[in-house]
Amino acid sequence: MKIGRETVPRTAICTSDEHTIVVRGHDLSRELIGKVSFLEHFFLLLTGALPTAGQAKVLDATLVAIAEHGLVPSVQAARMTFAAAPDAMQGAVAAGILGCGSVVLGSSETAGRLYAEIDAQVQQGASTRVAALAAMQAWRAAGRSIPGYGHPLHKERDERVGALFDVARGAGTDLRFVAIAETVESLMPEVLGKPLKLNVSGAIPAVLLGAGFPVQALRGVPILARTAGLIAHLYEEMQRPAGFALSYQATREMVYDGAVPEGFARP
Amino acid sequence: MKIGRETVPRTAICTSDEHTIVVRGHDLSRELIGKVSFLEHFFLLLTGALPTAGQAKVLDATLVAIAEHGLVPSVQAARMTFAAAPDAMQGAVAAGILGCGSVVLGSSETAGRLYAEIDAQVQQGASTRVAALAAMQAWRAAGRSIPGYGHPLHKERDERVGALFDVARGAGTDLRFVAIAETVESLMPEVLGKPLKLNVSGAIPAVLLGAGFPVQALRGVPILARTAGLIAHLYEEMQRPAGFALSYQATREMVYDGAVPEGFARP
Amino acid sequence: MKIGRETVPRTAICTSDEHTIVVRGHDLSRELIGKVSFLEHFFLLLTGALPTAGQAKVLDATLVAIAEHGLVPSVQAARMTFAAAPDAMQGAVAAGILGCGSVVLGSSETAGRLYAEIDAQVQQGASTRVAALAAMQAWRAAGRSIPGYGHPLHKERDERVGALFDVARGAGTDLRFVAIAETVESLMPEVLGKPLKLNVSGAIPAVLLGAGFPVQALRGVPILARTAGLIAHLYEEMQRPAGFALSYQATREMVYDGAVPEGFARP
Amino acid sequence: MKIGRETVPRTAICTSDEHTIVVRGHDLSRELIGKVSFLEHFFLLLTGALPTAGQAKVLDATLVAIAEHGLVPSVQAARMTFAAAPDAMQGAVAAGILGCGSVVLGSSETAGRLYAEIDAQVQQGASTRVAALAAMQAWRAAGRSIPGYGHPLHKERDERVGALFDVARGAGTDLRFVAIAETVESLMPEVLGKPLKLNVSGAIPAVLLGAGFPVQALRGVPILARTAGLIAHLYEEMQRPAGFALSYQATREMVYDGAVPEGFARP
């Protein structure tokens, strides 16, 4: 069935013949394997060009920053899934990735869209402060929360934020989105009445947009990073199962508040 | 509900307090962000130790080798899924990863298990040739195919194989699994009656096992690598949709050979 | 880590002790198994009450109407995934379900939200025509498309629409959302300049909302229905593989329009 | 790329033209919508024929029996995923389905394969007892556990087992797989040294195989049933969030037993 206008698939990422695989114009076996890092390869696949040393440094740092944060919900989902279906590691990784959504890890992307919106105004002559305030107020008026600020555990600025900003400064990539992110932070008390501090989901787009990473692909960053962490957790699960223990603990204080049949003693 | 013996979840990968995230004994913000590459971080998460330069080189090369091979079935599945559900990039990545199964990308893991089995015999004094022949015959007798050899497109040895072996030689990691993989290749005519050549799914465990990568975690390598490729394809899909064009083409020659009601003209 | 306000999980769907499983207040083994249909059980699980005969008839009809439509993109994704990972049927079903997104099958839910919005105005005294026109214009002004109308294949009203409306009329459930859906259809030329006809994604909420099905759970209807169709396709795939044939056909006319290295002959 | 022998996809499930959708030879809008139940439609999609009243009764009963069992691991995974990604209900359902694996819900399929193996011997003249004993001993010798017996919570025979067997007896479907399942149960003390009782995963294939349900499609039964339960849980999650509370509880007693940097106080 024809859906949409296009009937011929087109791609500019990869082609091959019997002998050669071509990735973004490069001969994979001769020019890339052993010559570029996985990180550089990812940037090449995504953007069509190899990163500069500074761009690679910043992207590496963001992936390291969010690959792992312990037994968070998505890791729990993956370990429970693997305990139930140990033959299919790919299924457990998929279950974990499905938690990279708008509330938890997708806020990197949403914060990036806010910064890009502010930057567009700045490029047209507005001051960062004025543009940030206008965008924040517009988002609030539309009922949207300001993503990338505050954390359930870290009440001060998450230490990863400073580490990422240091890397960006050292790498020599564009710092204008860092300035935007910090301006938004400084306006939090004025707009929200609460001094919410930058968290890692705000810091990631702040450094990545300045390193030429496309805003639309930002959600790919936590997805790729967490995949690495999930694989480590599933390897640990093979050796020291915790998936069913997590699910046992999860319901120890569970309250059932629905109806019961006559004679059934509420647990 | 209690399933299994464990009731308390244990982990050795990550912990944190209000200020500090600890990953495998390291302070994430002070010792890892900006100091190690994503690849080194992945190895640390998985094994508990940072890789040597040689180990990192080999792991980088394998991830680069299999991150991308064009519009293969799993990429098609991801792009079709994204065309239908563009709000959820994580869902499209998950759909693509779910195709890293026993037939296609999981064969790296299965080949690794074969090599490890042969290696165990060699460690006990058998010659590589004798141990390989015995293992191959046992697998055939049990109705299992020999994974990691032959390719629908590349009839000669896939060029990625030589590239990966060159990297391993240059990196100074253990080459004994490369020797095992090549011995298996040389025995193919004798065991299968066909001169099937090593493919990339055989080469990956051949170099990775020698670099200290755990055999049980091998399926994680194509999963992580392909995640990078999938993200690139989904970013391309945002800009130049091909998902529905792929599905349109896929059924142009479809044959429906079931029953039809009276009066229905078979398309 | 604490995220959100709640720390104790509560549920009213199911509890159990050593002998008895309680579902929505009923003893599963004594009152439900063999006494209610799967469809009635689904309605009970979802809403807390068993459906009337009329409600069950309408819900049955909608699930039958959209369970299957041939080798659509989500079925292709599932069959390709199963061909690559045949050990994990659950993974292939999951890949298919992930295509129940905002563009394709999720439009039932979106159309339901539009009808509910119009109904809220009607309940406050507006005429259906005025309320529908206002809602449609507001959606257009906000850049949202009107879901549930038009079809790439069926240019007239999809025959399933009439069949579903007939069932609703026969079942004696509330028809006011059917009236709303038809009013929206009649306003299409005025609002969009095109006489787009009701499709099955519009008809489903039109009959279901009148049968007491909750608007927020509407996306569950195509998900459940398609799961049945996906299982049938995967069983066919076991016996007559088509997954790899689909992916082969999909790229036969593929155009690679990226760069190539010197000497590489574009395929 | 061509993988496997087939290059043209074939299907016998569904076709359509501009006016009519044909499912298994029936006109969907005229012969199925409003005329058959969702359950009958599922059986038709899968097997090509509508079920008898007895077959439908048995299949309905099995789907009701396993649709729901409270906040089990797969439901927890789905609710955590939905809490993190509330825009994508399909992703949360997929995460839940991915837990229908070999250990938990897939055991219905494995038990079905054991019963079919025993039945094949009985068809060739062996007594049920002899055939069952031989198969059980062969499975044990091959290191496989006997699926469908024992339960972490229900030490006696799960009440759902008797309820399903009663339905099969009342429905008039073939009871020979019930006899096989009970014979296996009676041999448990002899083969395993433990009086493990039939659980619901054993009872399901025992009644379904006698109702003409194909053994290879058995894993589809828990997948379809649980999809209904998952949708109910996700609708509850929208109204009364529990996903993050589950994940909070899950790690309250978590033990981190890895290394820590100097000065870090173990939580």
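Here are a few things to note about the model shown:
Order of writing sets the labels: A, B, C and D. Residues in every chain begin at 1.
Criterion: contacts are C-beta pairs under 8 Å (C-beta built on N, C-alpha and C of every residue); 3 or more make two chains touch, one makes a residue touch a chain.
Since the model is a prediction, treat every value here as computed from it, not as a measurement.
Looking at chain A and chain D, the chains that touch each of them are B, C. At the interface between chain A and chain B, two copies of one sequence, more than half of the residue numbers in use are shared by both copies. When chain B is laid over chain C using CA atoms, the rotation angle comes to 180 degrees (nearest 5).
Centroid analysis (C-alpha atoms only) places C farthest from chain B.
Spacing of chain B relative to chain C, judged by their CA centroids, is 34 angstrom.
The distance from the centre of chain A to the centre of chain B, with each centre set as the mean of the Cα atoms, comes to 23 Å. Centre-to-centre separation of chain B and chain D, using mean CA positions: 29 Å. Residue positions of chain B touching 2 or more other chains: 1-3, 8-16, 20, 70-73, 83, 85, 87-88, 90-91, 94-95, 98-101, 106, 153, 244, 246-247, 249-251, 253-254, 256.
Against chain D, the residues of chain C that register as touching in their complex are 1-4, 6-16, 18-21, 23, 28-30, 32-34, 36-39, 41-42, 45-46, 57, 59-61, 63-65, 67-71, 83, 88-91, 93-95, 97-101, 106, 153-156, 159-160, 162-164, 166-167, 170, 214, 216-217, 219-220, 223-225, 227-229, 231-236, 238, 240-242, 244-249, 251. Across the complex, chain D is touched by residues 1-3, 8-17, 20, 22, 24-27, 31, 48, 70, 72-73, 85, 87-88, 90-91, 94, 152-153, 250-251, 253-261, 264-267 of chain B. Those residues of chain D lying in contact with chain A across their complex are 70-74, 76-77, 80-81, 83-88, 91-92, 94-95, 98-106, 243-244, 246-247, 249-254, 256.
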